[in-house]
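Both complexes shown next keep subunit A, but they swap its partner, so subunit B is in the first and subunit C is in the second.
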Partner chain A sequence: MAKVLRWDVMVGVLLVAVFAGGSFTSPGFATIGNLSFALGDLGEIALIALTMTMLVVAAEVDLSVASVLGLSSALVGALWDGGMAIETIIPLVVLVGALCGLVNGLLVTKLGLPSLAVTIGTLALYRGLAYVVLGDKAVAQFPREFTALAVDDVPGTFIPYPVALFVLLAVVVAIVLHATGFGRSLFAIGAQEQAAFFAGIRVKRIKLLLFVLSGTVAAFAGVVFTLRYGSARADNGMGIELAVIAAVLLGGVDFDGGKGTLGGVIAGVLLIGLLRNLLMLNDVSTEIQSIVTGLLLIISVLTPRLITALKPALSRRRTSTDQVGPESALKGSP
Partner chain B sequence: MRSIRMVTLTALLALGVAACGGGTTKDTVSSASPAAPASSAAAKADPNAPIKEGLKLAFLPKQINNPYETIVDKAGIEAAAEFKGEAKEVGPSDASASSQISYINTLTQQGHDAILIAANDANAVCGPLQEARAKGIKIVSYDSDAAPECRDIFINQASSEEVGRSQVKLLADMIGSKGEIAILSATANATNQNTWIEFMKDELGKPEYKDMKLVKVAYGDDDDQKSFTETQGLLQAYPDLKGIISPTTVGISAAARYISGSKYKGKVVLTGLGTPNQMRQFVKDKTVEKFALWNPKDLGYLASFAAAALASGQITGAEGETLKAGKLGERTIGAKGEIILGPPFTFEASNIDEFDF
Partner chain C sequence: MSGPPTLALANVSKSFGAVRALRDVSLELFPGEAHALAGENGAGKSTLVKTLAGVHRPDSGQVLLGGEPVTFAGPADAQQAGVAVIYQEPTLFPDLSVAENIFMGRQPRTSLGRIDRKAMHAQARRLFERLGVTLDPEQPARGLSIADQQLVEIAKAISRDARVLVMDEPTAALSGNEVARLFSVVEALREQGCAILFISHRLDEIFSLCQRVTTLRDGAWIASEPVEGLTHDDLIRRMVGRDLDALYPKQDTTAGEVALQVERLTREGYFTDVSFQVRRGEIVALAGLVGAGRSEVARAVFGIDRWDAGSVTVAGRPLPAGSPTAAMGAGLALVPEDRRQQGLVMELSIERNIGLTGLRSLRRGVTISRAAERDRARDWALRLQLKFGRLSDGVGVLSGGNQQKVVLAKWLATEPSVLIVDEPTRGIDVGTKAEVHRLLSELAGQGIAVLMISSDLPEVLGMADRVLVMHEGRLTAEISRAEATEESVMSAATGRAA
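After this line comes the complex of A and B, so read on.
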């Protein structure tokens, strides 16, 4: 019973339902070409969602990811245009992403600022830097061997390379998050930072690492994005931080931290992507598409809370002497 | 702190390794690169082929709910009825480079005969368009071109040369080809603006304009407030100014707003490229007599006919072929598959109310 009520499981069920429904109603949906495209189109969002999941589990958030992606894209363009080798550009740009993440992390951990505020600031800052780097130019003509890596499918499958990379990384993150001490400490930090600190978890260092990772992955996603579209621009990826966070929340990760599964997030990413694809195939207008995604997001945040609110009420009816649960008592303390 | 040092070190190492490995630079690939062209060139045009009935066309504008693009697409959709085809408009809500990609994919899956696109980014749309063409879908770009190897035909709203020269003629007519003039442009590095301005300068070099003198090119950055202040600055700095050309919709409306409320109204002639809705009040209050822009309805109409002709095999997009475009008559396909809509359309008090965009 409790298992079925878990939101991440419900998202998985919903995903299967959308897929099955789509296959029956829309002839163009369950084709290799379409699925390969739909998956590839989710590549960057899925990659960034991995690190975002860890951050949100630890009760932090990084809103600057899309701007780091844009800055990375602008840098790729400017350096490529300047004649630098792409093999040098990619690690360099990823390093810049790590620095961006480091700045976020230091502002949060050293100065104790809330990450929501810090990363709203750097969201504007990094996007601004992207425009400084490339202006409103677009740089194209990247080498085919490299754009192929971002577009083509792994031979013999319909999985594009970036998605294959995502699958590998997802396995790593799933193991780290759900089967190691480090992963458990993220949940501990998210549930009760003070308690985690007193339990000997190096809260600040871990958070700093998470932000650096987030910037690194976002910058790498910027490289993928640039090569996939074959066009480097400062406005690339504008606004995808919202898609990432939507997928994370839809996947059942608690925005207050401490709860969530990576499986849920992956189901969330796929659900948003496939639903959008399906709506488009049926000529549903953009406005309705965003209304559907928005409603889905609200439901996903609301439902788990309703469930938790209902659970004690249900059990209280059985044992009327029950006190306030230990969890809510803990949440009240600083 | 140890973790930071680790991260930096690893990154630097990776960088070093990569830098040593030689590498692929712009110069090493530029000779070999351009994407394999589609094989459509092999097909032969049959000018006498009838337009097929029931053709399915899809308009993919830069973004939906943009009044200008809505007019273009609506006219194109209506045109499709003339040749018994069906057409629709789909598109993203934002005009970012990447947002059209998933729509191209969707239209490809749905199996249309032609996609008509106003590309947000000439190169970003290229890959998916190539995939569509591989499935036999014809691609017409309009308003804003995609990379030429990724589409069959581009409907150019007006040639840059014609825009530039006609703007000078328009102003010269109104000021008797005499006096100081200025240009209020968008940003200093806007490609289309600069091309037009070059042609304006060239036109001004002709003997009939020897009494007209370009004193300044000002930049309003396509920002309403900045364009407003720049206009003010121009008029103060050059008290003898007779005319201003502002070949940008933001610039001309800001300039008109300033002039209509100033002592310069009726003394300085303003013209340029503007939209009827922005300019209507200034034409009615006589701040502006004439301004130009292409007719967006004709643009959509022509694009629709080009798509139908391509899908029916009447044309292939090769230079020199003739497109029969219904009420607009015939157009010849130019170099790189370009068709020019025609000279810019002049809006004035007598016709402005026929347009709503």
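After this line comes the complex of A and C, so read on.
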């Protein structure tokens, strides 16, 4: 029974259901062309979700990712406008993303501030910087050979390049998270930071690294975003941090840290992607899309708690033992 | 013992999945009696306590209040009925002050209905005075040592004017002085007609406080009998089911070269000018009252806290301040006092917890070898006679003493050259305690330097080659094994001797 109620399994089932439902109701949905587009459209969210998963497992969060993406896009535009070669621009911009992450990380680890507050602050700060860099302008006319990298499929497949990159990185992150000492440390830090520190784990250094990675990946996602739309703007990717976090939480990662699987997160990302695509196909307005994202976020936080609350009642009805039940009355201890 | 028992259990059974924690257990608590509950780790003592407290509902059998069957829907019901409980693991709210924790839900009010902080703090201070401890009611519970947390729990329980006071290992982290004060308070409550249920793995305490004792073994009731006329050995036989040999088998070893050298170590506000050395093959005990700064010294040496002045040298090499990773690299290990916060990650399994200190050595290529992780855990679980279902079980469902064994396992598995243990046998039963002592003695025999903080005086006297005594943040005495007696250690600990 515990297996059936496992959250990441349920999300997988939900994914299949949405897919089946979509194919029935929207004729254009289950075509290879559309699915390939839907995947590509998901690229940035999916990439950022990888680093976000590691952060949330370690009981931290980075809300500034969409702003770093915007800043990166604005920088690409401004530098390109200024005549710099795109080969120089990309590493430079990614470096700026790493710096943004470093600032977040230092504020959290050196000053001991909560990451939720810090990154809400830098969410506003980095977006502001994006406007300082590029203003209201849009810069377009990127060379075709570069935009092609962001939209075209890997030759002979229906997989866009960014998705291929995501698959590669996802494998790496899955191994790191679930099979290495670093991954073990993340779970320990998220579940009981003090015990992790006592066990000789370099808690602060690891957290700093996570924030730097998060900034780096977000900036890189900004490059992908810019090339994919062929347009650099300061307001690019506004608000996608919510979609990323919704995907991570939908994937069964506990917002309090210490629990989650990357497989679950990938299912969560795909679910969000398919839903967004379905809504778009049916011409649903962006306001409604935002409402759906918000609802998903709340549902994904709420449902696991409901399940935990209901589990003892369910199992008592069947076997009259309570494995997790009343014990929880004692929780909340320091 | 006339009239019905204040609180009783009749034929209670309780299982957790396949584990039968209580089988057909009965127990009666009469007004004005102090009743001990004895048994090995995992015998079911805490489960019995939680059943009395309304945390667990019995699978079968009844809880009787004043002779009448009752069903406690939760801990609140039991509290309402006059049952005050001190759980084995402190359950304080870290962000609330000490006084707020004590008076949670029943804070004194002003005439306007607002919480009367002044009155609350004054009442808390009076409670601490009765217990003879100096704790600040206004400080937050976060950061209190495990002993201080225990004292706050005790204050909370005795402030309730309960008819039944249930105490699950309240003294495990306390030293002689605090225990004596606690007992005099409990004695007074008992004389007022309160019924007391008391759990401790220190048998002396049972004999000095209680009139009757009930023994559990593997969840089954073994005996309920008067303490008078019973010997230590009788009680151990009931608990373990066989005779046990000598309890403190520290062998004499010849001390080797200096492994740990601490020189004029100072951390402002905690300890001052602490110097000592531990040689290979030696067990050095650090004794003192709760709050003397013993754990703080250990934490600083291991790099958890930074020190302000002085130096720490391991095998001739200076250690940087404030880095547990560096300390581990130099061969140091610290078994911390607070297993729930510092020793274990409660959400993780037994094997993951034991593996946490060996993430490097378990690596094969870039990934962790699960087989190696499991072998390491199984090896140490067997050596420490851990009682568990599966190694992949969460460490949180183990009994308190078995959790302590996992902490020990996790650190012994690092094969340290200097082992610092802070209350290594806190909450560990007699049989295993002897086992841990044998193990420490064996480790010392292999040339490991052991620094042992302990509030258990017989343990200190039995195990230590030398006893260092701390009083109010300073080392006040160094006593050789030959000269160490209960009196000499206690008088140094209370600051009476020079």
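Just so we're on the same page, the second predicted complex is superposed on the first by the 292 of 334 C-alpha atoms of A that agree within 3 Å, B and C clash if a C-alpha of one lies under 4 Å from a C-alpha of the other, contacts with A are read in each partner's own complex, and residues count from 1 in each chain.
What we mean here is this: contacts are C-beta pairs under 8 Å (C-beta built on N, C-alpha and C of every residue); 3 or more make two chains touch, one makes a residue touch a chain.
All figures in this text were calculated on a predicted structure; none of them were measured in a lab.
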First, second, both or neither for A:175, with subunit B first and subunit C second: second
Touching partner for A:37 - first (subunit B), second (subunit C), both, neither: first
Which superposed partner A:19 touches (first subunit B, second subunit C, both, neither): neither
Contacts of A:126 with subunit B and subunit C, given as first, second, both or neither: neither
Which of subunit B and subunit C A:194 touches, first, second, both or neither: second
In the superposition, subunit B vs subunit C on subunit A residues touched: B
Partner subunit C, residues of subunit A touching it in the complex: 175, 179-181, 184-185, 187-188, 191-192, 194-202, 258-259, 320-323, 326-327, 329-330, 332-334
Residues of subunit A that touch subunit B when the two form their complex: 28-29, 31, 33-34, 37-38, 41, 80-81, 83-88, 90-92, 94-95, 98, 102, 135-136, 138, 140-141, 143-147, 151, 205, 208-209, 212, 216, 225, 229-231, 233, 235-239, 276-277, 280-281, 283, 285-287, 290
Subunit A-touching residues of subunit B, taken from the complex the two chains share: 1, 3-4, 7-8, 11-12, 14-15, 18-19, 21-27, 29-30, 33, 35, 64, 88, 90-94, 96-98, 101-103, 105-106, 108-111, 121-124, 126-128, 131, 147, 187, 189
Residue ranges of subunit C touching subunit A (in the complex, touch as defined): 15-17, 50, 55-57, 59, 74-75, 87, 89-94, 141-142, 149, 304, 324-325, 327-328, 334, 336, 340-348, 352, 355-357, 359-360, 362-363, 366-368, 410
